[in-house]
Amino acid sequence: MSTENAARWPRLPRRLAGWDAAVVALTVLTLLVASGAVDEFGTTRNATFLILDLAPVLLLALPMTLIVVSGEIDLSVASTVGLTSALMGELWAGGLPLETIVPLAVLAGAVLGAFNGLLVTVLGLPSLAVTIGTLALYRGLAYVLLGDTAVADFARDYTRWANGSLGGGWVPNVVPPILLLVVAFALALHATPVGRAIFAMGANDTAAAFAGIPVERTKFLLYVVSGAVAGLVGVYWTLRYSTARADNAEGLELTVVAAVLLGGVSIYGGRGTLLGVVAGVVLLTSLQNALRLAKVSADALTVITGTLLILSVLLPNVSAALGARLRRRTPAPPPSPSPPTPAARTAVPLPEPTRRDGRP
Amino acid sequence: MTVAGRPPERERGGAALLDAVLRFRALGLLVALVLLVAVTWLANSRFLSAQSIRDILLATALTLLLACGMTMVVVGRGIDLSVASVLGLSAFGTATVLADHPGLPVPLAALVGLAIGAACGTVNGLVIAYGRVPALVATLGTLYVFRGLVYFLAGGSRISAGELPRGFLDFGTARVLGVPWLFLIAVAVLLAVGEFLRRHRAGRDLYAIGSHEEAARLAGLPIPSRLLLAYVVSGTLAGLGGVLYAARYGTVDASAGYGMELDIVAAVVVGGVAIFGGSGSVYGAALGALLLTVINNALPVLGVDPFWQRAVVGALIIAAIALDRLVALRVAASLRGRDDAHVH
Amino acid sequence: GGTTRDSEEERDDAPAGDATADPDAAYATDLSVAMLPKSVNNPYFEASSEGAERVVDELAGSYEYTGPSDASASSQLSYVNTLSQQATDVVLLSANDPNALCSALEQARALETTVVTFDSDVAPECRDVFVSQVDGAEVGGALLEMTAEQIGGEGEIAILSATANATNQNAWIDTMEAELAENPDYADIELVAVAYGDDEDEKSFRETQGLLAAHPDLAAIVSPTTVGIAAAARYLQGSEYRGEVALTGLGTPNQMREFVADGTVTEFALWDPTALGELAAYAGAAVASGIITGAEGETFTAGELGEYTVGPDGVVTLGPPTRFNADNIDDYDF
Amino acid sequence: MAASRPADPDDAPVVALRDVWKSFGAVAALRGAHLALRAGEAHALVGENGAGKSTLIRVLAGVHRPDRGVVELDGAPVEFRNPQDARAAGLAVIHQEPGLFPDLTVAENVFVGRQPRGRFGRIDERAMRAEAGAVLARLGVPLDPRRPARGLSIADQQIVEIAKAVSLKARVLVMDEPTAALSGPEVERLFSVVEALRAQGAAVLFVSHRFAEVTALCQRVTVLRDGAHVSTAPLAETTVDRLVEQMVGREPDALLVRRDSPDVPDAPGQHPPGAPALEVKGLSRAGVYRDVGFEVRAGEIVALAGLVGAGRSEVARGIFGVDPRDGGTVTVAGRVLPPGRPRAAMAAGLALVPEDRRQQGLVLALSVQRNATLPRARQLSRFGFLVGGAERRAAREWAERLRTRYGDLDDPVGTLSGGNQQKVVLAKWLATGPRVLIVDEPTRGIDIGTKAEVHRLIAQLAADGVAILLISSELPEVLGMADRVLVMREGRLVAELPRAEATEERVIRAATGHETPAGPSRAAPRGEVTA
């Protein structure tokens, strides 16, 4: 029986041992080393670029984390970004003001997410398969909308806001809204009943249903949220690159998934933390940024990204296995204060051993 | 101490019906295929010309090969996202070897491609089976790594048809009795994998592992070596795919096969292989591959606006899996309905 | 270091022309020059890079060839930022999108980086000079001319393009469409389809297949992209359409040599990408050295290439495309 | 492999464990365990939940490697590095939780990894089906070898597990609670098959919490407590009371609480049952159950008895709303529950402790704390947020009330022993303070001491006015606890027996349908399904 008392912070050491903590540490280490070793890395100017670059990945990673923890996946996010971006271009070209377009784009994203959600929950189709389908479908629709044209003449005020900084300093304008979203998602996942439900259904959706959790409705909502955030990213992307094109954000889904997995979220669902994912995104992007500054070629970047992803899971596993092997080699002393029972080699009744401590 | 007796078994009819349905599911794909071909043919009779059929068979050959390997992996509850990168690496490797050593016999060069594939598959397999890294994570990683390697090796260079030996290129389009060689090779692989998965212990072990890994461990199945085998086969087939790619297209650069992995996964899923392991057959996956290729080939022939093509492919993928699911649900319902007859 | 504030304020300024050109100035040495192609791993840009590097070496500058491995504007933007942070003197850019890079380019230019686009342009106000491989109208015209010659002036033709968004491709296609509609010489030629091979060999191959199956009476395919024309040629070579359907477009001699030799392709065209790279490098150095500012009418000497004049909108044109056929193809190696 | 040696108790052991230690992190599961199995002898292993029985078996099966101690085979030390090694040495093991492959057929499940092969190493499917059919027939279960294992009831799954082990024809047959999900005849069949194997010289290890079975099958018994060996003795020389005392390390409490025993504060009769708390009318689901109707009053314990597969669990799930239903109404304390909405049922005060704790009751990968508070997360949150120690306090309180044994509240619940897992499921639902509690096999796999606790708890809840629907396959439990017994057969309610009339015989008769029981009965056929 546990001997802990309620007052202390019993979960802290456990947290620190977790993989997400390791990613956070690795991220900090990378930032430090890069600042020291790469000339331009530590400048505020670079920080601005870095943040602008990681914003879309980070934003998409937030709902993706929830979806992966709930045991599903959404590969259509990047296509949703593309489609909402195309829609935005189409509407802008049609003369609508941005104040109307932005909510419409987010709404469109939510609708696209809802379509994924419907297929996954109502029809019960595997989300990996569904979202591979919508990945093609949404991207295709983006081409249908915009074809080979690009809409680029967005109002300067907006594009400037998307690229600009708070009060002309180095902190980009997008930081406050992003921070707000990060905190909101972190709280939702780690400190609300819905978050508990997401973890439970990711690990065992039958048991979750038996505990009265509306599994399907929750998953559906997660897809809607994912779509809405992708819509938001579509808006951001369009303004940041001041161009709406059908191929915007193409291929970004794999980067997002890679970042989420790197952040220690289990692809099987039920495990992961948002902090880890944020660290994973920062790690990936800052590493790419630093290597680019250090004139490492794009090919090496690709190889490093992949290697990192594998090592992030492989190393803990290997070290655990080695540890177990070592422990077997050198037998640990008996784990309890009671002395081992006499080494009787026959199965005759033995004197009763002392009672184990802490029994209720 | 407990209540005695048990009710009579009432599942017998069910098993037979389920069998029929599984066959019917493949039938559904076939019907879709026939319909698509018929419609396209009505719109443009050239779609069924010898040339056009050969084109489709050639195009299917690659998808089919990779889908065979993917099926093995997916049945064992894995996934191999690195196939396209492996294909690229092997295609570039084979082409380089042939371009650098013009005298080299073609089969030997093909062996190089296969070896590259097998090596990549071994890396995947070791990391997944022995390193216990989830397959999606591991192969997403190697997707980047292997592609990065091709970039690294190829740089901006491209090996064009002129640098490859004539014999090798001819092999890419050669045919036996009008059927392209490449397609025959793919079919041979398909039959071999089908036989292996259905009728051999190691194959059945993969289904068991995919169905319930913990139980497989307790049952003493050699899980790591089986998984390793699946990934090595998948890698080797992707390697073979690379060789065939080089032979067929002649021009090979660093982006050979780029992005193909999702097509392969889609083919396998459309073909009724459960993405979470344990069920599905390689023949279904083959039908899925064929269907997707035909869709891809039929859309331009039907004159579908190029901007619509991608959307249509996506919609068809969704329709195929949704249809499959609806059929399965109906059958489950009718199974229950039959049982109802026994509840007096 | 430095902040972004200055660039914010200078953004709306006229693109070039605030400095005055000194046509007699010498090329500066020690320039740092970087070429940023649409994507690395593309033989076409490797060839351009070769030319640019040679020029930079001659001028005793430092040269770098860098870029993303995927041809997307967003990845390219990060590289623009990186290059401007590293205070590169001249960036030679082939843009994946005419607008997406603008704000980053403006920031770079505010930090004294000269931006020269080549091959594929951005909006004129975001760069100093654009080195065009050819005049858009000239390419379109040349393509049509070759096609008409090969099909005897009548029949259905189709275009196999690169990606649907490629600026230069679309400009050429537009010229061709306009020309077809207006020029009585081409009255019997009908453009029946435009397909996109996305500059992927396999997709181009498949699209060729689709075009031929969909249009039984097709007389010719025009593929104004090096990847597309090679894939289409390979398909034709292995199919029953070989010799029946003409193929022309833009391709590199090395890739097309085989098909010209066996008669699959009669004639195609291209400019010399190496020369393009050289010219871009000279133009960049010229701006950075103050020889030109990018205003119309300024002139500069590009080594052995000769003297060039800046046209309207800061465009410098390399020259008419070279046509390659069985007679001359063996004279080229790129 | 079957050695045809005569059963000789003086034989050297076939397999023995000597002074085995095994810890999982801070939890010491085995702390000096001994066990010796002899040819031709059935050996029982008993102990409380969490005593280490399953861990010991997993060591024997090569699943776990011991931290210390040796496994001996025919007197020589061996090392089982994995389950293959153990199987190769002639051990067949039935683990506590059936682990079938849902996508494979029954026959394949039986022969997985060792399918009979024909030419070219191809699997001979015909032979495989025939052999599997033969083994199943020996066990008296007419399962179709060609059907997939998916959808088999827990009992049938257990049968397939047994068939798998039996068909191995091993020298040593190890069974971890194989009978927990079985009904009488199946247990008897199993025993006769085991007897036959034993007569051929196989050594048998049998784990069960049911002493009647232990005495019926075994010759020797080893008691394990807190992972340590307590005693080994011939069954003939010991008594159940003595065994229980050794298991718990103290005087045993009453083993089964009867509702009318003086322990329970409010015995029936003293308090007449209150108003109907749960009313079920015309509940139907195509192919599963039909026209089920009954009511449970506040403070009443109603048992739902029937054969395995009679549909009791389905009815419970239909009432709670996790499974859809085709027709009928469910009313809890006057509120009609919408179908298919467990949350509405919970809001009305209904709780369901499901039968399959690993699939339905628990999220094994989550911590004890998260599991225990899962249905209550909303109530425990403040302003929508779960902060502070509210969850923790609530979880600890209930774990302690049920005397759950765990290492840390943050440990995954899957690391607990089977019985302790069951307690977490109970805690999870009791903590919601239900008005109506449905418990489905609440004591399956629970040790004798805990079982009495659970019974006392249920009786206490009833006394406090909770309406209880008890689904159980254990007749003594049904008869001892219930105020009324409802009997189901093939998806229909066929009898209702008040406590005074509920005897073992009458319940069995109603459940099997061999004879219409006398007394007030609901067996009369009703109208058509109200769909």
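Going in written order, the chains are labelled A, B, C and D, and every chain counts its residues from 1.
As a convention for this text, contacts are C-beta pairs under 8 Å (C-beta built on N, C-alpha and C of every residue); 3 or more make two chains touch, one makes a residue touch a chain.
In UniProt terms, the chains line up like this: A = Autoinducer 2 import system permease protein LsrD; B = Autoinducer 2 import system permease protein LsrC; D = Sugar ABC transporter ATP-binding protein.
Fair warning: this is a prediction, and the values are worked out from it, not measured in the lab.
Trainee: When contacts are scored as defined above, which chain pair ends up with more C-beta pairs, B-C or A-B?
Mentor: Greater number of contacting C-beta pairs: A-B.
Trainee: When the C-alpha atoms of subunit B and subunit C are each averaged to a single point, how far apart are the two points in Å?
Mentor: The computed centroid separation for subunit B versus subunit C comes out at 38 Å.
Trainee: How many angstrom lie between the centres of subunit A and subunit B, each centre taken as the mean Cα position?
Mentor: 29
Trainee: As a quick test, compute the distance in whole Å between the mean CA positions of subunit C and subunit D.
Mentor: That pair's centroid distance is 74 Å.
Trainee: Using mean CA coordinates as chain centres, what's the subunit B-subunit D distance in Å?
Mentor: 42
Trainee: Listing for subunit C: what residues touch at least two other chains?
Mentor: 40-41, 69, 164, 196 - these are the residues of subunit C that touch more than one other chain.
Trainee: Where in subunit B do residues touch at least two different other chains?
Mentor: 151, 274, 307
Trainee: Going by the touch rule set out above, which residues of subunit D reach two or more other chains?
Mentor: none
Trainee: Going by the touch definition at the top, which pairs of chains touch each other?
Mentor: Here the touching pairs of chains are A-B, A-C, A-D, B-C, B-D.
Trainee: In the complex of these two chains, what residues of subunit A are touching subunit D?
Mentor: Against subunit D, the touching part of subunit A is residues 1-2, 4, 6, 10-11, 14, 187, 191-193, 195-197, 199-200, 203-204, 206-214, 270-271, 327-328, 331-332, 334-336, 338, 340-341, 343-350, 352-353, 355-356, 359-360.
Trainee: What residues of subunit B sit close enough to touch subunit A in their complex?
Mentor: 127, 131-134, 136-138, 140-149, 151-152, 259, 262, 265-266, 269, 274-276, 305, 307-315, 317-318, 321-322, 325-326, 329
Trainee: Taking the touch rule as given, give the residues of subunit B at its contact with subunit D in the complex, in rising order.
Mentor: Subunit B residues touching subunit D: 1-9, 11-12, 14-15, 18, 195, 199-201, 204-205, 207-208, 210-212, 214-222, 274, 278-279, 335-340, 342-344.
Trainee: Write out the stretch or stretches of subunit C touching subunit A in their complex.
Mentor: 1-5, 8, 40-41, 64, 66-70, 72-74, 77-79, 81-82, 85-86, 97-103, 123, 163-166, 170, 196
Trainee: In the complex formed with subunit C, which residues of subunit A make contact?
Mentor: 40, 43-46, 48-49, 53, 143, 147-148, 150, 152, 159-160, 163-165, 168-170, 237, 241-243, 245-251, 288-289, 292-293, 295, 297-299, 301-302
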